[in-house]
Amino acid sequence: MDFADPFFGISWLDALIRLVIVVGVMTLVVMYLIYGERKLLGRFQQRKGPSYTGPAGLFQSFADAIKLVGKEDLRPRNADRWVFEFAPFAAFIPVFVILVTLPFAQDWGVRNLGLGLFFVFAVLGLNIVGILMAGLGSGNKYALLGGVRAAAQMISYEIPLVISLLAVAMVAGTLNLNEIVLLQENRPFVLIQPLAFVIFFTAMLSELHRAPFDIPVAESEISGGYFIEYSGIRWSMFQLTEYAALWAFSIFGAVVFLGGWAFPFGLEWGWGWQLFLTIFKSFFLIFLVMWMRATVPRLRIDQLMNFCWKVLIEVSFLLIIVNGFFLYYGWSETILGLVNWAGAIVFIGLVYSRGIRRSRAREYVGTYRNPEAATP
Amino acid sequence: MTVWPDTREGTLDVGGFETVDMTINVGPQHPSTHGVFRMVLTVDGERVVDAEPYIGYLHRGLEKLTENSDYRQSMGWWDRTDYLAGMCCEGAYCMAVEKLAGIEVPDRAEYIRVIMMELSRINSHFMFFGAFGADLGSFGTSFVYGWRERERIYDLFEEVAGDRMFPTYFRPGGLTMDLPDNFEHRCRWVLSSVRQGLEDFDGLLTGNEIFVERCRDLSPVTQEQAINWGLTGPMIRATGLKWDIRRAEPYSIYPHLKFEIPVGRQGDVFDRFMVRMAEAYQSSRIIEQCLDEMPRSGLVLNPDLPTTLRVPAGECYLRTEGTKGEYSVHAISDGSNKAYRMKLRSPAFCNLSALREMVIGTYVADAIIILGSLDIVLGEVDK
Amino acid sequence: MTNEEPQQTESPPARPLATLASTQSPNQQLRKTLEDTLAKVHPNTPFEIGETKTDVNLHCPPEHFAALVTTLKERKELAFDMLRNMSGVDYEEGLTCAYHFYSFAHNYSLQVTVKCPPDNTHIPSLTGLYAAALWHEREAAEMFGFVFDGHPNLKNLLLEEDLNIHPLLKAHPLAKPEILQGIEESKPGFDF
Amino acid sequence: MAVEVLWWLFAILIVGTALGVVVSRSVIHAAIFLLVALAGIAGMYVFLTVEFLALVQLLIYGGAVAVLVLLALMLTRQATGGERISLNGPQAPFAAIAAIGLAAILVASAVVTTWPRLVDDPDAVPLGRISEVLFEDFGATFILVSILLLVAVVGAIILARQEDAE
């Protein structure tokens, strides 16, 4: 289970070099994720997005980063100094630690932990601390509201997130991320656990507070929430955290559900292809997230909590029970997959049809689809 | 000025461990107060316990300025009130002056005025759809959808009047100038694009589970409440009251035209949105009829107007259906070339005065979209 | 879309537009109903009924105003359930407040003018009857200096809260507000 | 060598932050110190090569308990961060007695206990053994605890709903 060990067998030097590489790559990826998001949102909104700085605006993020570093680092007078100043770092550390265990290709990662999946859960719990610190330490009521919202939301959604991953772990029979990928050589787990994937994706949107769950940072309500008072380099630390977390989650989702580097024909094709597959799959997930952001409005906090506690958690427990039965009695994987697909389709269909049913929009839409129709 | 309401200050107990109400200051600089509006929310957790609106940040003394400028000079002030639908404001002002002075308007000018006023209505409603989507958190997409049609209408205004937002196109007695060539063709094209825009908004928002979940059954208003609060326009039609000044107290050529008055059922935020959607469609119908029926040629300005417009003494209360509701002008003249008093009854001002009642008991996020559903324009609220 | 010339169609027959709006006005009927009701309910009160260019106008002294509005709102044959507007006017003979009421049941529109005596600007507040009066009265109070007896919160609405001037009075100068007089002389390039 | 240095760093960190919890004059600071101390203890478990326990420590104490403390502070305190509170109350002597007593018990039990040797293979996570113990040997207890938690959650929801309805 060892990774390749090119650095003279000195384990700490090896780890250090791997860490530095991951951090460097992560910074670059974050820069281009921001650029990509702006470009994509532009396209979704019938405009061009950044296009002046460099060819097709490619250097926009660097220019922004330089500008942000040069900005004054402001601190409100009634902020709690140490809490306020350490909050961005406290928020960043867990995301960075998650990256430690993520395998990007076979033997390409910082450390291959035997308890990789569990490690990710455990560290995810710490994700909230930085946000809470920012919310408490800013001395701002918007920040406080954002912090409370973030805490409530992230604590709640951690449960369906963990359970959906446990469902996969049950099927895989291991917590080691490398082994999970290797098990998906023939079919990714999304094919036999689609419902788990849907739950994972929903909870992931919530953990990252992206639309439609961007309640803690809701710009039109609390105008930025917990990072409202930050400026300059500390604000950019929060941005870095947000996008790094997005990337880390997407890699994680790609590894657990989409087969990582192992599907299709990954193992024999060498590390370049493997790396490409993992990154490509993660970018696909990121694209979905950005698509959601461009399309859907935001939920309200009580609706969000209702959806979590009354729908998602129940469905994920049901999923665990179904998986347990199948594993205990050793029934065929195909049937398990079919049952899961049925569950996923029913779940999404129910959520979707509810809106159309409740809106009774036809009564009004009729007035302009068919001009002569009487209004209600 | 006191920043926080005095009554709430005492309840903030620093040493205790019980939860306390918190005041949040929303605005005047806030992404979703639609200009320089400010409200102080008192919240218990996420619930709004009390709300206190503050307006006046854009107060420019419109009425004082009108009293001190010539009737034709004042035009420029009035299309800066509801700056999203400048032509509607000009229309109301000019009709008030015409009513006082007894000036006749040529037929062709009446038709062109109605076309312009209804285009303004579409313009304003599209701004509402966009801004409302943004309040709900649909990150800018709805905004850009709205802006697309607005740009086309503004281009049309620019061709017709030379200016986009504040065209100053109307005159007491008619219009500044005739339409440009090829206007009808361009206008029909804009109308088809407007209908496509409505379809797009329909696809983006009305069937969306989250949109419906947020807006349905939020702050429902009964007809009695709406009448008592003085709500007008789409706000009162959302409650199911079929009341439109274009029909109830008709002016201009509206009695000629065929259009429906869309109404909602329970006056909630969703109804307010959908009534405006249907209304924008009806406006496009009105414009089509006007394009079909209007005289192809003729004067657009009454040729008998004097050089200096002196209006005989009199008083009138001229009401029109503005984009936000009843946009009326209470005009008093004393025989000179300046109005003795001109009072604007601004619909958004009256709708906004009911905000406090609607907001109390909802969540902070709801307070924002209830404010958005009022469709306020601060230029008109603050005069 | 292609840039074709629009097709010229035959112009439709001209219609008598100018006569349209005025013929349907229910003002005559309202005037008659109003005279009957007021003679019945307030036989001893001096009301004058006149006309503006658009509406029936009812002059009312401030001391009878509250009773009058109650009648206007409660009587079935009038049922003025909406206060659509109110505006203060600074006539030379005294401050006047014009109220515009609307009746949804009968499609009536009525203007009521309340003329204050020169030394007394007190008018009973309508906030108990119409919630819409809350902001209208605040606005009229700050712009003209009316005092609406019974209004719960008569602080400034559009102007600054502690600014005690009444800008819409005719006596109020346009060029220099009192609070700015004597200040701007020392500032070059900034002239009101 | 490196491991020893790291061990001492962690030990100093834990003791320092634990002291911080006690002497800090701001409740928020104390809560954050507590969080760091608990996370440091998770690091100690890693030195003992019980990674599972380390992660559980991080998940429960770092992620859940400390965050709950912060959240409770957020909901009860005023918005302005960093206000100072007085440290010494009349209960100080009793607190000192309790602390000394607890420390004595802990030290005594640590001295008396015979410690087993460290596990040699760092990768040998006895995960299967844990699940066997949890679900087979203590299966009934596990189910009872689950039911207890379920009842607690339902009770909490009912209480919250009642408050809502009033």
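Chains here go by letter, A, B, C and D, matching the order in which they are written, and residues are numbered from 1 within each.
The rule we apply is simple: a contact is a pair of C-beta atoms (placed from the backbone, for glycine too) under 8 Å apart; a residue touches a chain by one contact, two chains touch by 3 or more.
Computed from a prediction, not measured in an experiment: that's the story for all the values here.
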| item | value |
| --- | --- |
| Distance in touch steps, counted as few as possible, from chain A out to chain C | 2 |
| From chain B, the most remote chain by mean C-alpha position | D |
| Separation of mean Cα positions, chain D and chain A [Å, integer] | 28 |
| Chain C and chain D, separation of their C-alpha mean positions in angstrom | 69 |
| Averaged-CA centre spacing for the pair chain B and chain A, given as whole angstrom | 41 |
| Chain centre separation (chain B, chain D; CA means) in Å | 59 |
| Chain B, residues touching no fewer than two other chains | 22, 45 |
| Multi-chain contact residues (two or more partners), chain C | none |
| Where chain D touches two or more other chains at once, by residue number | 75, 79 |
| Residues of chain D touching chain A in the complex | 2, 26, 28-29, 32, 35, 39, 51-52, 55-56, 58-59, 62-64, 66-67, 70-71, 73-75, 79-82, 123, 125, 127 |
| Residue numbers on chain B that touch chain A, as the complex places them | 22-24, 30-32, 45-46, 133-141, 143-145, 148, 195, 198, 202, 204-214, 216, 260-265, 270, 274-275, 277-278, 280-282, 285, 363-366, 368 |
| Residue ranges of chain A touching chain D (in the complex, touch as defined) | 1, 12, 78-84, 113-115, 118-119, 121-126, 128-129, 132-133, 135-141, 144, 147-148, 151-152, 155, 158, 175 |
| Residues of chain A that touch chain B when the two form their complex | 41, 44-47, 141-142, 144-145, 148-149, 211-212, 214-215, 218-223, 293-303, 351-352, 354-356, 358-359, 361, 363-365, 367-368, 371, 374-376 |
| Contacting residues of chain C [partner chain B, same complex] | 1, 3-6, 8-9, 11-12, 14-15, 17-18, 20-21, 24, 52-55, 57, 81-85, 87, 89-90, 98, 100, 104, 107, 109, 111, 130-132, 134-136, 143, 156-162, 167-168, 172, 174 |
